[in-house]
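Same chain, two partners: chain A is paired with chain B first, then with chain C.
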Partner chain A sequence: MKTYLPSKFLIERDPERCIQCQVCVNQCSFDVHYYDAEDDEVRSREENCVGCHRCALFCPTRAITISRNPMDYRENYNWRPEVIEDIIKQAETGGVLLTGMGNDKGQRIYWDHLVLNASQVTNPSIDPLREPMELTTYLGRKSDRVELEPDSHCLKTELAPQVKLEVPVMFTAMSYGAVSLNVHKSLARAATEMGTLWNTGEGGLHPDLYQYGSNTIVQVASGRFGVHPEYLDAAQVIEIKIGQGAKPGIGGHLPGEKVSTEVSLTRMIPQGTDALSPAPQHDIYSIEDLSQLIYALKEATNYTKPVSVKIAAVHNSAAIASGMVRAGADIIVLDGLRGATGAAPKVIRDNVGIPIEMALASVDSRLRQEGIRNQASIVVSGGIRNSGDVAKAIALGADAIYIGTAALVALGCHVCQQCHTGKCAWGICTTDLALTKRVNPDIGARRLANLLRGWSLELKDILGGMGINALESLRGNRLHLRGIGLTDTELEILGVRMAGS
Partner chain B sequence: MRDIGQVNNPYHDDKVIDACSLFGVMDTSGGRFSGEGIIRAIANMHVRGNGLGGGFAIYGLYPKYADFYALHVMYLSREGQREVEAFLKDRFDLAYAEEVPTRLTSGIIQPPAVWRYFLGVGRHKPEEQSEDNYVADRVMEINTRLGDAFVFSSGKDMAVFKGMGYPEEIAAYFCLEQYQGYLWTAHGRFPTNTPGWWGGAHPFGLLDWTVVHNGEISSYGINRRYLEQFGYRCTLQTDTEVVAYAVDLLVRKHGLPIEIAARVLAPPFWNDIERCPPGEQKLLRTLRQVYGSLLLNGPFTVIIAHHGEMIGLTDRVRLRPLTVGVKGDMLYLSSEESAIRLICPDLDRAWIPMGGEPIVGRLGTSPQPQPVTIGEEVTSDAN
Partner chain C sequence: MAQKETNRVMKIDASGVSYRELNARLRDMTSNGTSKIELRNVYGQRYIGTDLGKPVNIEVFGTPGNDLGAFMDGPRITVHGNAQDGCGNTMNEGEIIVHGHAGDILGLSARGGRIFVRDDVGYRAGIHMKEYGNKKPVVVIGGTAQDFPGEYMAGGILILLGLNLTEEERHKAKFIGTGMHGGVIYLRGIIEDYQLGKEVGVAELEEKDYQILQKFVGEFAAHFGYKAKGILKHNFIKLFPRWLRPYGRLFAY
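Let's turn to the complex of A and B:
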């Protein structure tokens, strides 16, 4: 069938610069560049280009320029190019539109409407280069109070297991299979170096990675892939995945082509079979079932590690989160509207769920109203881009933040949204061995650790500017936030006052 | 319903911001002495205030009525007084009441009427409630529900005197040189943003706990949200109030010794905790894990007092001043050493404590002539 889709991008190759070396031909995994031997010329099939920039960055003479195809449609606010092209795609394929990464739509990004405070005159700012500045965070259930032995004043309270983070930023769940082993290695090593945690996602833990167990969160999801006693024992935290922000209410599907020998071993499924994660956990149809799974996992690991429960941020998050805490979750993870994925139906990714800022604010407030905020740590994810977002999330009430897309960008990802194709030219979201070797775990770990190092330094500057020298004094301290361009209702839900008030 | 927050913080800022002078003096042997010295000492730090608030707390003040709650109430109108007096008669056994004696003083303008009531709880309280909680609740009720009246002192055998003016003017107005007590604290205030209000001066008190405070607590937002979970209503919208409630929660409700509570308000750095011996390390770590939201972050010095104890504490990097002086059984705490030397020139010792190190004066225990190193008391307690 002749496609009616126009190319998204134009590729210009400067003939003065091009030396016909064919690097671009080899780098492109989407079959864009090819060598025409007859004419001894490298050419492009523009219609295949996804805008991942791999070729442009690896071209030794910088001969390639990629730009948006300026082909304009007649202006129409309702029938925008994306809408038209989605219909064309479906008319040609008859299927669900799949996509990768997170929601790219224009729903309000509240981080951009929040600003932070700083000290002036009445209290001094603190210079993090000269004074201690503490980012240390402990995740896990806290008691209501500390009790001491009456006479000796020795500690009587025994806290539930706590996990220490040197930086309040962790790497979110990305399963082996969705991303490559080299990506897992990079994440695990960077987390270990920076004193934080990485998350296996639902695809199990490769044998090579057990050595990083004390910095690992292992996931137990609806497919139960790769879950066995050693897997649970290896981890620092166990996370039950109920949902994810990119596709609330939807299961997962790892196509058989991606289930290589190694992936099949780690996932404990036959090679080449599709790995299907059911939409719900079939042993959790209600809150009391969740409680049973939480305690089953606690029993299995002898109450030595916190159990976390991850949900997608949806309309009733506050009530659901309260139930999760009461069901025994030590950490609750909220993944917002912009949370990313290896593959999701586009209609779900772009239309289901609520912004993480709103979910976080309402969950934190609800747990405080009910006096149970101390019983669980709150971790948020879904589109967190920089240390400014991190600081604002902490001020709204988060204990720590998960990053996914930001971590992949550190590894080379250019957010081309083709993760579901398995052809990631940056070698991240693929199990094709020719591509996965593009991520060198040593270099990957260094890039990730650098990112976290940069963010920690910035967080310390932000704290110091506020005259605060410990992160816990910013946590939930919404007086250090002000809103810009928000309605009264938005401000009320965020628990933040308008700038200038 | 009257919004006290609106009176104290009319612009509805995040919190009231002020800077100040502090002074505290205690005879740890329990000997009572007059206010003459502390009035001179706090007057010596005149320029640290701006005349928009001064006050004193005195302990061992009313030995004759030591078993009765002494409520000091400020009235803005006759109706206010009638209303409150009817309320008090209804809820307490009244032992004695009088207007607090005052003298005309040039610096004091438009003073409200201040009365004191010595009250017994008797059979008025529900059986399961403690007398202290009953009184605290009634004080909250008057301060938030009844108009034109404000209770600013509610402990036994102690009282707070405060108002608009420099502290030495307030002392003169209330004739404080004529009173005797074994423990005195004083405060001169420099608010940046309030027109000043009699109830907004320090000391701030609840039952026999009082706080005088110099500083701005940048963690106020979360301290307040944390305390609200335990039922405290921060009606005054000042960070001083948060200090008082935090101490009340930790010491009175959770039963922690004040030295340990100080480790919550101004905890050691995580690195320092890691270097402590195991028992102490675990205690300090647990305290921070559980009470992280009560860490008072930002510049502050406080002098907290209740019967038998006076505690001086700064934030953990000491961004506001505190000097300690010791002479025999006498313990002095002050924003400036000169103020101590003025009234006690031959101190045994004067020093500046480490940031976050609590200085505790206790009845019956002579003050430490040597500074205590960080963690020492906790160590001996924990092991």
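Let's turn to the complex of A and C:
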């Protein structure tokens, strides 16, 4: 069928600069550039370009410029180009529109409407360059009270297992299969170096990565891929995945193109088949059932590690979170509307779920009202972009933050949203061995560790400016936040006052 | 001395004992090298057999609770009574023999090991079982099953014998093998086409299928005092996944 889709991008090749070296031909995994031997010239099939910039950045003479195709439709606020092109795509294929990465739509990003406080005159700010600043965070259930032995003053109360983070930023679940082994290696090494955790996602743990177990969160999701006693024992934290911000209520679906020999081994499914994670976990139909799985995992690891439960932020998150804590979750993870994915139906990604800021604020408030906030740590994810977002999330009540897209961008991702195709030219979201070697785990780990180091320094600057020397003092301290351009209802849910008040 | 300990049958009276305490005692006993444990008066304690990691023999008298043998890695559990939901959940290795019925999601996501149930089972038996290389879970059900047996199956062997059905009686399950993309189901007794999931195909058995059946129905018969020959005389059908990618055509890229 002839496609009615226009090219998304135009590719300009400066003939003065191009030396016909074909680097672009080799770098492009979307079959855009090709060498025409007859004319001895490198040419492009623009219609295939996804705008990942791999060719432009690897062109030794910087001969390539990629720009949006300026072909304008007649102005129409309702029938925007994306809407029209989605319909064309479906008319030509009859399928569910699949996409990668997080929601790219214009719903309000509340981080951009929250501002932080700083000390002026009445209390001194602290200079983090010369004074110690504390970012250390402990995840896990905290006791209601602690008792000491009367004579020795030793701790009498038995504490639930705690996990120490040097930086309150962890790498979120991205499964082996969705991303490559080299990405997992990069994440694991960076987490180990920086004293934080990375998360396997639900594709199992490659044998090469067991050595990083003490910085690893292993995931147990509805497909139960790669879950066995050794895997559970290796981890620092076990995470039950109920939902994901990019696709609340939807199961996982690793396209068969990405199920290579090695992925087939860790997942224990036939090579080339789609890895199907059912929408529900079929042993969890209620809070009581969730409790059953939480304690099954605690039994399986003899109560030595915290069990985390991850949900997508949805309308009833606060009530659900309360149930999760009462069910025995030591950590609860909220993944918001902008949470990303390796593959999800576009209609779900862009339309289902609520912003993470709202979910975090309401869950934190609810758990406080019920007097159970200490019983679980709160971790949030879904579109966290920089240390400013991190600081605001902590002030809204989060104990720690997960980043996914930001980590991938550190590895080279240009957010072209083609994760679901398995063709990632940056070698990140693919299992094609020719592509995966584009991520060098040594360099990848360096880039990720650098990112976390940068954010840590910035967080300390933010804290110092507020006159605080420990992140713990900012946690849930919403008086350090003010809202701008928000309605009364929004401010009320966020538990934040208007700027100026 | 250690040898003696190993050969002794340890007994636990489980009445009034919480699951956490019971499992802690099982953990202690198995780590001491006990090879056989008898649990009496079991009333709903969960997770029996979890986190033992050794080929210990556990005889359960009474009614074990949900998630019997969850994440199990080696033990052999014999239940003299009925098992509840989640029996063999994500089991890795070992054996569960149930002299009675079992509840829903029998063998959910099992990766290895064997489960034999003498009578009927609940919904979604064998859902999402997997296999790789030599690791292949086997579930044999003597009676019949509720809906969705073999749902999402990605590997392993599910055998449904229907021994408690009369000659004319159909199996009760509908949506058999829905979403199946690996593994095999052997079914003895009558079913209509509408009872099958859209993703399964039906085939006659071949020689190698009979060999598989002989092996596992043989084991089943030995556990429960049946004659394998009599069971195998009957007509069996084989259900297999029609597509490696049942939902491959669902998406527009």
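Note that the second predicted complex is superposed on the first by the 498 of 501 C-alpha atoms of A that agree within 3 Å, B and C clash if a C-alpha of one lies under 4 Å from a C-alpha of the other, contacts with A are read in each partner's own complex, and residues count from 1 in each chain.
Please note the rule applied: contacts are C-beta pairs under 8 Å (C-beta built on N, C-alpha and C of every residue); 3 or more make two chains touch, one makes a residue touch a chain.
Please read these numbers as outputs of a predicted model, since none were measured by experiment.
In the three-chain model built by superposing on chain A, chain B fits alongside chain C with no clash. Judged by the touch definition given at the top, the superposed model places A:N450 against neither chain B nor chain C.
Of the two partner chains placed by the overlay, only chain C lies in contact with A:H228; chain B stays clear of it. Residue contacts after overlaying the shared chain place A:N302 against chain C, while chain B stays out of touching range. Between chain B and chain C, an angle of 110 degrees opens at the CA centre of chain A in the superposed model, to the nearest 10.
When the two complexes are overlaid on their common chain A, residue A:D283 makes contact with chain C while staying clear of chain B. By the touch criterion defined above, A:S67 lies against neither chain B nor chain C after alignment on the C-alpha atoms of chain A.
Once the two complexes are overlaid on the shared chain, A:N76 sits clear of chain B and of chain C alike. Note on the superposed arrangement: chain B and chain C approach each other to a least C-alpha distance of 25 Å. Chain A residues in contact with chain B (one complex) as well as with chain C (other complex) do not exist. Note for the complex: chain A touches chain B at residues 119, 121-124, 126, 131-132, 134, 136, 138, 142-143, 145-148, 152-155, 157, 159, 162, 368, 371, 373-374, 466-470, 472-480, 497, 501. Across the complex, chain A is touched by residues 19-20, 23, 27, 46-47, 50-51, 53, 66-67, 70-71, 73, 85-86, 89-90, 92, 105, 108-109, 111, 124, 127-128, 130-132, 135, 152, 154-155, 179, 181-182, 244-253 of chain C. By the touch criterion given at the top, residues 89-90, 92-98, 223-225, 227-229, 232, 253, 255-256, 264-265, 267-270, 272-274, 276, 278, 282-283, 292, 295-297, 299-302, 345, 420-421 of chain A touch chain C in their complex. By the touch criterion given at the top, residues 12, 14-15, 17, 19, 192, 215-216, 218-222, 225-226, 228-230, 254-257, 260, 269-271, 279, 282-283, 286-293, 295, 297-299, 316-317, 319, 381-383 of chain B touch chain A in their complex.
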